[in-house]
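Look for chain A in each of the two complexes below; its partner is chain B in the first and chain C in the second.
Now for the complex of A and B:
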């Protein structure tokens, strides 16, 4: 490899869609395809606009918990890590915030508890990885097991109902603002804040830098360890918000909440174009990934089909999404090589 | 030998409350720990109740995060306390067969007079049952059946097929004049034999009334999965006449989804019988009209009979 090679000239800025935007447009295409399949298989329902509107809101509501968690997961994955503990953290926070003791403090106390527990557990992940030098996969795997156990211990394996008195938590899943369910609004707000944090702040730029090339980032003076702790704490915080949504939807906290959420969140991020190796990814893509998954679930159940089929289709979509991305990247690289 | 425990086989459609309710309700739902004192115990008088020689009863059940298993363990230990001569030796069986197997083997090494065993998976624990029987320790197989009858001395299990039949009869009787009625079914984990048995019983009973199961979507025995599945199911079926939900623990989520969708044109039958379900039935504030009990009192029967075997 020659060291003194002339750098290729910078490409002139073209008024074109950026690569992630194109990819997200493709995901919207998948959503449209789901709608078309729906319209073919159940024309009586999907062509009824009133029904369609309510059904789409239902899909968004069902997406809200995992979508919020996927926002945190996207940050962690862009930073080059992975968080396997999110499902167990949802269980732990949901159980902790619905104990009799916590519920005495009302809805505000429950929300506060959920956020704090999520934040602390996420920070423990971060400290283990950044300062204990554990591989993220192992550290969060340990947390997955331990947090689930702790949740079972706290709840005594019972389902903990939300008190009727805690109106805010109870009503969250019933209320809507301007026709949009409150839970969907929470998802949109978290998504918007995540987008701003990722694309418009130093924190976001550093996350891309660390995931793309940790050594170069360290040499550039970024405090990688502190940043890693913050990333996992952020993921934990998102789990806390996700737990509030799940508790409100099901009116209960339970140690079996959040079952396999980690896989759904990771799959959504990957479909959305986030690289498992870090340095690449978008919030919008991850959110679209979640909605696609929930849309498929909805499509199959509305057609009264059993789950085994949707699992196969979901698997196929993950593979297809990654294949498409790989071909794109290869094509780009070839084009770049030819012109430079 | 197969014996049906007096309390375990009772399949009744409980509209209101049943004797077993106290136990299930303490276990399945709610923060109310005080109700836990309410264990059901066989207070059978007569010769069988008089203390005999001192015996040791080993016990192993999964550490599952479901209210029903918690009630099983609580009932077994409460029943054992009734007898002054019985030493109750429970071993934790962890989360799957690979943890339960060594646990039970260590129990065999302690040489109890009899072992009461609720396996994670009947077929996979059969060899361990054999091992205990070979060591001269009679095994009482609870609820999940071994694949070989030689691996147990006594089998006590719940009637899953009967559960489906009971639910089918209740719905069938109410809808027999509506041949095109839409009957939805929300089972629990579909891979389990017990779920298949329940669904078969439900289908068979409904067919007596010329009715068929319409939409059938499985949840995972959890509150959250019950909510998600039901929300989608209701959306896909704008008009439903009846719903049978296999499990009242996941039923918390099922009812919540019905409320969120604002749907009440149908009636619902539950399964297993939790405090929450009983209260909804009593109050009449939800589509839930009845529930089919699957009583964890079978654990009490198991301990009582195990003691007699050992004597």
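Now for the complex of A and C:
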């Protein structure tokens, strides 16, 4: 109890670039490279600063929904899990918050509904995994199927338009604050909150610990089950926010919204350095991963290239990102290899 | 008996040496095995038995020494080479592919084939023949191995060895996973094999088994052979135990405290009739403040399970655990931590550390909430707390920002122990605290343990090294096969007596001594 009384304060640790920071810098380098390729292939557009500014804002706006979802996904993956249901949850929430009944309560009611539905669906994932002992892959796969079906049932497979009266939702997608689109601001705010939550709070600390070594965390007295539920609930909440963005962009809720978002979100997290095995990852990396993907799509569109090519390039980027990571881990392992 | 003794020597090892960083696991081992004999290897944990097997099976390359196999000097580059030469090893964790059939497993990697196609019919017939040779023709060759009981799995593993024409079978504690009658059956199989001229190296902690199945015994101690080719039947137990004990390695224990800790008043930890089905039963013990209680027992005696159950990592079937008189909710680690229990588990890397995280985050893994304000963690607070622990435990290197993976085993253990110095811990549970720790760092850990006890912590420690328990603990509990069979002040015990109680076929029972 009083084994440790006083000791001289420690010298502040040397400030140096951490491994994830170096990686994120590399991702920024990839973004710059995309811009350079753009400037070479379409100098008429990319060297026009006005066009360039609006184009980049467009890329960010298109990134916003997946970026928000990727923030939740990053938490889940650092905690050692995976959430395949995010795309379906976007569909479900978008449909649930655009029913005639919900729309009566105005934009506020719709937003509230979206957040609550996302939260509840995510919590169900978490409870199945933490207390039902289902493998995350299976539990969220089941949710993927079921939530999509539920969305179809609620909407009757019809697209639900947002009432013109619900001004906030309708205008969210083309309003700007200080020249920055509102959706981009939402993305940045969610990203910033996610960063703080992950890196500066006990919640984030538990996330890393559980993903890094669940057994050690359990034996250190961390409540793993409760935290697992919270992680998936958080991912569901992010899906709710993502759904609001999607509804705003399309002015509608539909059962086919969010198609394959899970793949984009997982790919972005992996490109950003999040380990599938848990314990490692950064919010900034995941956001950069999303923007890189959208930037590549944009590059192909402005060059009038077919979509197949961009899919191939994206696949190659995922592989390259994982190879880089493996290389680093191997190097780290070698350095520490002398320990017993 | 005489016939086996006169048969040809198939394996002769002379002066085997194998070094690992910080420890000389083998330091001059001699061994001679004859065709058709069961040669027993005896020794305490850490005596070098496992290393010796690994060298023999080609998994490790020796640093020095001579291996003569059937009259020719050999050096096995890998396990496949040893296998090819006719040496097969059957490890405790059998190397079977659970999802494949018995026949597939028997011929794994050497399937009879033609033009690249596996000859399934031929393979099954051959598997049946080998199993019949082992007296187990009843094992269905098409059955998935996962569905077999462990005794049958062992037979399948032996069948594989036979199918490769093994002339020497090395068996590492084969009886550990078997029930009593299954052991008898295993012995029958072994006798059949030796009758066919196959040599067997048999490792076991159970003296009665060695008496039963063994022909000759070689005893290892501290990486050396302390006796070769003793007769397994007639050598007195007393002599065998004597050859295994009496350390030559320096265990530097801190001096005993002049006055033993008081056992008056309410104990810190009181365990009553604690049972965990299939692991241990009716264990009662108590630990007082400032006291070091040691549990001596072999792997599989239920000692680690006992610690984990006290800690709440496993839920007890029956019985109670009370800390300072208040009962603890079973199966609830967080409740245990709240009332001041801390544990350094047996498997440091998989159970205690987040290896890629820096030292300070590992030190504060159980307590980071304490340094946080309103849910926001304080890296500064955690670093300086970890720094105090690093100073207190003389962590080397002292830096708290390096990944814990890069530390040596001893320093990693200090991180695990140090974790519990921050949180008002009153009772430390230490499971094999010096496993994988080199000699120098051991002495330091011993010092730390003594200092903590002197500061008033209660300590309950488990070790398979008897001298360690005797050297550290004030009071010693002996555990065997899930039961506490003896309790005494450490000063009244010696290594002999304890080791004898720890191993089945005890002196107390068989020779009425003590």
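In this section, the second predicted complex is superposed on the first by the 319 of 340 C-alpha atoms of A that agree within 3 Å, B and C clash if a C-alpha of one lies under 4 Å from a C-alpha of the other, contacts with A are read in each partner's own complex, and residues count from 1 in each chain.
Convention: a residue touches a chain if its C-beta (ideal position, glycine included) is under 8 Å from a C-beta of that chain, and two chains touch if they have at least 3 such contacts.
Predicted model, so just to flag it, every value in this text is computed and none were measured.
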In the overlay, answer first, second, both or neither for which of chain B and chain C A:212 touches. second
For A:280, is the partner it touches chain B (first), chain C (second), both, or none of the two (neither)? second
Of the two partner chains, chain B (first) and chain C (second), which one does A:256 touch, if any: first, second, both, or neither? first
Could you look at A:20 and tell me whether it touches chain B, chain C, both or neither (first, second, both, neither)? neither
Report for A:203: first if it touches chain B alone, second if chain C alone, otherwise both or neither. second
Thinking of the overlay built on chain A, is A:109 touched by chain B (first), by chain C (second), by both, or by neither? neither
In the overlay, answer first, second, both or neither for which of chain B and chain C A:223 touches. second
In the complex of these two chains, what residues of chain B are touching chain A? 27-31, 63-67, 69-70, 190, 214-218, 220-229, 231-233, 235-238, 249, 252-253, 256, 259-260, 276
Okay, in this complex, where on chain A does chain B touch? 42, 45, 51, 54-55, 58, 61-62, 99-100, 152, 155-161, 173-174, 246, 249-252, 254-259, 297-298, 301-304, 306-307
For the complex, give me every residue of chain C touching chain A. 21-22, 311, 313, 333-334, 336-338, 343, 345, 350-357, 361, 365-366, 368-369, 372, 375-377, 383-385, 387-389, 391-392, 400-401, 403, 405-410, 412, 419, 421-422, 424-426, 436-438, 451-452, 455-457
Residue numbers of chain A touching chain C in their complex, please. 1-4, 6-7, 9-10, 13, 200-205, 208-209, 212-213, 215-223, 279-280, 332-333, 335-336, 338-340
